[in-house]
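Letters A, B, C, D, E and F mark the chains as written, and numbering starts fresh at 1 in each.
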Amino acid sequence: MSRRYEDLPGPAVTAQVTSSSIMLLPIGATEQHGPHLPMSVDTVIAHETASAVVDACGERLDIWQLPTMSVSKSNEHCWAPGTLSYSPETMASALDDIGRSVASTNAERLVLLNGHGGNTTMLGTILRELRIRFGLKTFLMHPSLPPAYGGTSTSDELGMGIHGGLNETSVFMHLRPGQTRLELAERRVPEALADNAHVRFGGSVSFGWLSNDFNEDGYIGDPTAANAELGMKLFEHSVAELVDAMSEVKAFNFGH
Amino acid sequence: MSRRYEDLPGPAVTAQVTSSSIMLLPIGATEQHGPHLPMSVDTVIAHETASAVVDACGERLDIWQLPTMSVSKSNEHCWAPGTLSYSPETMASALDDIGRSVASTNAERLVLLNGHGGNTTMLGTILRELRIRFGLKTFLMHPSLPPAYGGTSTSDELGMGIHGGLNETSVFMHLRPGQTRLELAERRVPEALADNAHVRFGGSVSFGWLSNDFNEDGYIGDPTAANAELGMKLFEHSVAELVDAMSEVKAFNFGH
Amino acid sequence: MSRRYEDLPGPAVTAQVTSSSIMLLPIGATEQHGPHLPMSVDTVIAHETASAVVDACGERLDIWQLPTMSVSKSNEHCWAPGTLSYSPETMASALDDIGRSVASTNAERLVLLNGHGGNTTMLGTILRELRIRFGLKTFLMHPSLPPAYGGTSTSDELGMGIHGGLNETSVFMHLRPGQTRLELAERRVPEALADNAHVRFGGSVSFGWLSNDFNEDGYIGDPTAANAELGMKLFEHSVAELVDAMSEVKAFNFGH
Amino acid sequence: MSRRYEDLPGPAVTAQVTSSSIMLLPIGATEQHGPHLPMSVDTVIAHETASAVVDACGERLDIWQLPTMSVSKSNEHCWAPGTLSYSPETMASALDDIGRSVASTNAERLVLLNGHGGNTTMLGTILRELRIRFGLKTFLMHPSLPPAYGGTSTSDELGMGIHGGLNETSVFMHLRPGQTRLELAERRVPEALADNAHVRFGGSVSFGWLSNDFNEDGYIGDPTAANAELGMKLFEHSVAELVDAMSEVKAFNFGH
Amino acid sequence: MSRRYEDLPGPAVTAQVTSSSIMLLPIGATEQHGPHLPMSVDTVIAHETASAVVDACGERLDIWQLPTMSVSKSNEHCWAPGTLSYSPETMASALDDIGRSVASTNAERLVLLNGHGGNTTMLGTILRELRIRFGLKTFLMHPSLPPAYGGTSTSDELGMGIHGGLNETSVFMHLRPGQTRLELAERRVPEALADNAHVRFGGSVSFGWLSNDFNEDGYIGDPTAANAELGMKLFEHSVAELVDAMSEVKAFNFGH
Amino acid sequence: MSRRYEDLPGPAVTAQVTSSSIMLLPIGATEQHGPHLPMSVDTVIAHETASAVVDACGERLDIWQLPTMSVSKSNEHCWAPGTLSYSPETMASALDDIGRSVASTNAERLVLLNGHGGNTTMLGTILRELRIRFGLKTFLMHPSLPPAYGGTSTSDELGMGIHGGLNETSVFMHLRPGQTRLELAERRVPEALADNAHVRFGGSVSFGWLSNDFNEDGYIGDPTAANAELGMKLFEHSVAELVDAMSEVKAFNFGH
């Protein structure tokens, strides 16, 4: 049976989506990722990760996969002609509307699976808003947690493979063979930041940045050694972790 | 070469998207369409129509296909649990943001290819706003013009195959064989309206309606005789007409 | 008895305005109409048409005429110093407020009688919003349907007497003798558009335009042969049609 | 020559409206005024006062009379079915739009002539906003300053002829003979307030109130002795004062 | 016992704040006041006045002092680098939120004690909005009523000691000895305004102004003779008047 | 010399605040913290921490301390009568206004020192918005990073001393002796969460929660062993870390 939500006829929603169902919204982006990657990277990764998670446990955990958002808040890349970006206000309104719509079903749990690091803090805020306004239990997952928000990056990149770096490029090479132009990529690691104890990606002091603040090419990390094998390994690990996390989501109650 | 906009790397946008390019945004919906059709109908039709148009003339006319919007303004179906809908304000903001993003490229023409009749008047308004704010030449096309806005519907449906009726169901059967449950469909034509000279779909007096105003099943028309052959014929005719229209868009200038 | 709504004392509203009453809101504009017509044209036509309709059938059909809006959304003329225009957001809010106010009475039907084509699509959207938010039955009429939205224009103008053309000028000459300076008018028909099968006023593809996109004088059509006799004929025909339409509004029910 | 702004053809605005012109916007309301007065009172008084001022000095002082706003912020009367009211946000947006439109002409001075006390503080705020955003010199006048904002009322009403009281009723009787039903009016003075030294209309402490906070009939004052002669006297005095004030507006410069 | 609201533990609010309590919100500003005064003046005066009033009668009248707002709407000073200002929209939203929060307690009365004249009309509007939305009885007081809104100023300043003038400077010298640099102050009275009968501060015609419209130094009045003794006298008088007013607030009922 | 920004006279801002200055905005809250702590906790900690940091290095690093915000986004506590909370929209607007105001000075660096965990993700989003809109270099620090966002909590609390727990209570006891009622506190640790590998505070999956989701008392952690000595140690450590961080802020450049 299809686990794509949009494949349900309207009147079937009431019976098929129950209080134990999990609604899963993949969130991508259409934004510059340097010369070596297409603008679709975040959407592809969010969509494929969600699909793999649903393939693995959708039936068992009663997950419904919502249509992937392919445009989101990408204003750190708006200096680059062509990036499609919602404003913060539009993005918040869109998710508010999605939350209201989801709350019109019997489902009680909504998971945001976010492929674009630029959305992370805003989605963190929205989790609470949707809980307050619609009573939903809300969750935020990432294919891989962005280094700027507590995730890890390779030591070779000094932990700063933020955008278009080794891991992301490798995963994309695995998912969409032949769409990466690695020969155009170079090392773009903001070395100076590594000396900071506090003000650095994932440090105790966060800071506002645009993707061209560090270099004019707009990618951050070192994708030169990216390869599909590494990408496959990372992707499979990520999916396995998310399947585990989905079980916790399924069982989650505040215990009150 | 891919004509999907998101397949471009960011830095390629400047060279590949030029002042003679046409940007094409397919707009779908995820909303109830009665018991016989999945909620994806409008998205599928908008997306497949856009893809067919681009296949037919994308290279010749230099068209770039933007990612399909799969949620839009569907509040006439919000009585039905499960419909995903943006508010009018969210929808307007999202398109404003898309317009701003498109205007950051060299393109001067943006075509909205709208698969959901509930968006039609709002998109009509937005055409002008995007022209004013961003200087774009803006256009609105439909896979088939909704009867409520000047299009035609079958005489058997008294011209009121508005939502989930004969034509739409047939086109969907052609595009996604095996996903329609025709055995659940019945005739749902608001016969009384046919007597009106003014206040009717496509009449001189338009009126506000929700999809459950006419009957509680929420579809309007008579899909019982729908079939894939008719769908194929309608789809191919629609694509041919839109390809013609695209040539006019390509050549369009205000002559001033 | 006066049928002007504002002539009612507040406490009389409850008894005088009933569930079978029709509330009628004339919507005009204050915007440039070329050198031959004053900026008041749309307001005058909307107001006089509404008054004539109410004179003809207000008592019989229990219509209450609301105060005429004399400023509306005219941003296609904002290039012209002096045009008074509400933004789309203001216009939508104002009508939302009017809808809420009307819904505080016993009336169930609200008719918008719109004299300015630039409002047409937005009002079409608002019909549904007011129905959703306040439960009103809502209707949109025009003194004459704009050619850009399905109405007709003269063949001599190639169907493009959009703004300040033959018909509108004639009607104004009938309603306000001595205020038109026909000697300043010339033919301003965008001939090139007539060759288009799709992208033209009232065609299957609508497009965004400002009134100075076609020519720098900002009127579209050919008013040079305008005359009050034609205006009288058009006005009387329009009023007769609207009186007919009002009977349909009176009887309108969704039949559900 | 007509001094009604809307009677100008669009292209004439540039020549006719100059840096020494004064733009005059009459602001009325459509709201309950008790059983003895129609809902039009504030609109009638604002409109007739503006017209009389323009008749008296419009040509001399180069005043252009804008179309009267007949709906404004009347939410203190929203408990009464039938009152037409803009929200504070709509009202602010509408005046912002009018300000922008006026600033597109050569005029530098905009006078708001406000007939509805419920607008007074908001318009006071807007004066500054329009000055900041559009550089206009902005002014706020009243046919008679509301007692709640520093104006006077009769001692018989203890200074509290706020809404539908002696003066307002008399002026309306003068302007629209035969539309007042004085036999339905009674004394409605909130006597208890008179004991307060601070918390009273026009006192050092202002307070939030709705028109039905004091009595359920929604008018405040004592109109029982109203008469057209008094009304004429008040009206003529008011017009004379405003004509004087207009001369000061004409000459007004910050001297910097 | 502390009468500072924020010193209450959360669960104590229900018992300690009752329907007879008065909530008092001091509102200051951080804005330029000329070269002789720090930007803190309005905040200091609002805060110290509120504290003195609460010291005098807080226990007796059951007043709870809310945290002082130190930034408010100061956009008439935005030409001066450094002024901190909320936009009108932010200020209105902030007070709406405060009103909602206060209405979540048992209190029924909210007093705004406003130290910044630039807020006066906006707060006047908000009194009503908070009453409508939350049912609160709302009041607006000033340490001293601004001359532009009905208060008095010294005759030596021709009644125009609006901002940084004799009285305000003196009060500040009393409250914060040693922080005033009187040697930098000069007479800055817009003499020309004094000739106007209508268009002047506190006159029948109000007008929009920025603080640098009159002179480029941005203060209005004559602080050269300011002194702490006068300040003490004014401050003590003001506190005494406000204590009186608070008793009226305590007893205030609409009598309906 | 005072390093409080508001103590500067307006005209001094231009000279005193330079491109190497750091603007420091302490952000507190007024919200329930359980029965043992007053609602002022977050404001007190943010304010005192900021003051201590400025005392330690304000002169050396040229820091200007802005007025402490004492109300912020506390809607996770809005179930508790008395909590003062800005909506997300108000909070974002207020910080946008502060950013614009700061950008009107010569300063290029703005540090938000946030004492309320409920603001953390929103402020993370705002860092970027202020950088985009005003070109500021923006930073976010915490007296102690919330466990929900990567900080640590005691193992005895299973890492969940989120709100009113051991550390926060201890710090407050140090800063405001005699205002804590420890006898009313109990252990309130949501033990069940500790079993989760992903969905837990600071885990890879974040989730939306209100402070009464876990227990009806609204605090989370175990404050029973809180003491002022621990508080002093924590406070001094925090200040020392922040002083270090401030040096990095001072030197921070994107290196591009």
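Note that a residue touches a chain if its C-beta (ideal position, glycine included) is under 8 Å from a C-beta of that chain, and two chains touch if they have at least 3 such contacts.
The structure displayed is predicted, hence computed values, not measured ones.
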In this assembly, which chains make contact with subunit A and also with subunit E? F
Among the chains here, which has the CA centroid at the largest distance from subunit B's centroid? E
Between subunit A and subunit F, what is the separation of their C-alpha centroids in Å? 27
Based only on mean CA positions, could you tell me how far subunit B sits from subunit D in angstrom? 48
Multi-chain touching residues of subunit F, meaning two or more other chains, are 78
With chains as vertices and touches as edges, which is it: line, ring, star, complete or other? ring
Follow the ring of contacts from subunit C in the direction of subunit D and write out the chains one by one. C, D, E, F, A, B
Okay, in this complex, where on subunit E does subunit D touch? 75-76, 78, 88, 92, 118, 120-122, 124-125, 127-132, 136-142, 145, 149-150, 190, 192-193, 196-199, 202, 204-210, 212-216, 241, 244-245, 248-249, 252-256
Spell out the part of subunit E that touches subunit F in their complex, as residue ranges. 4-14, 17, 30-40, 43, 66-68, 70-71, 77-78, 80-87, 89-90, 93-94, 96-98, 101-102, 104-106, 179, 181, 184, 217-218
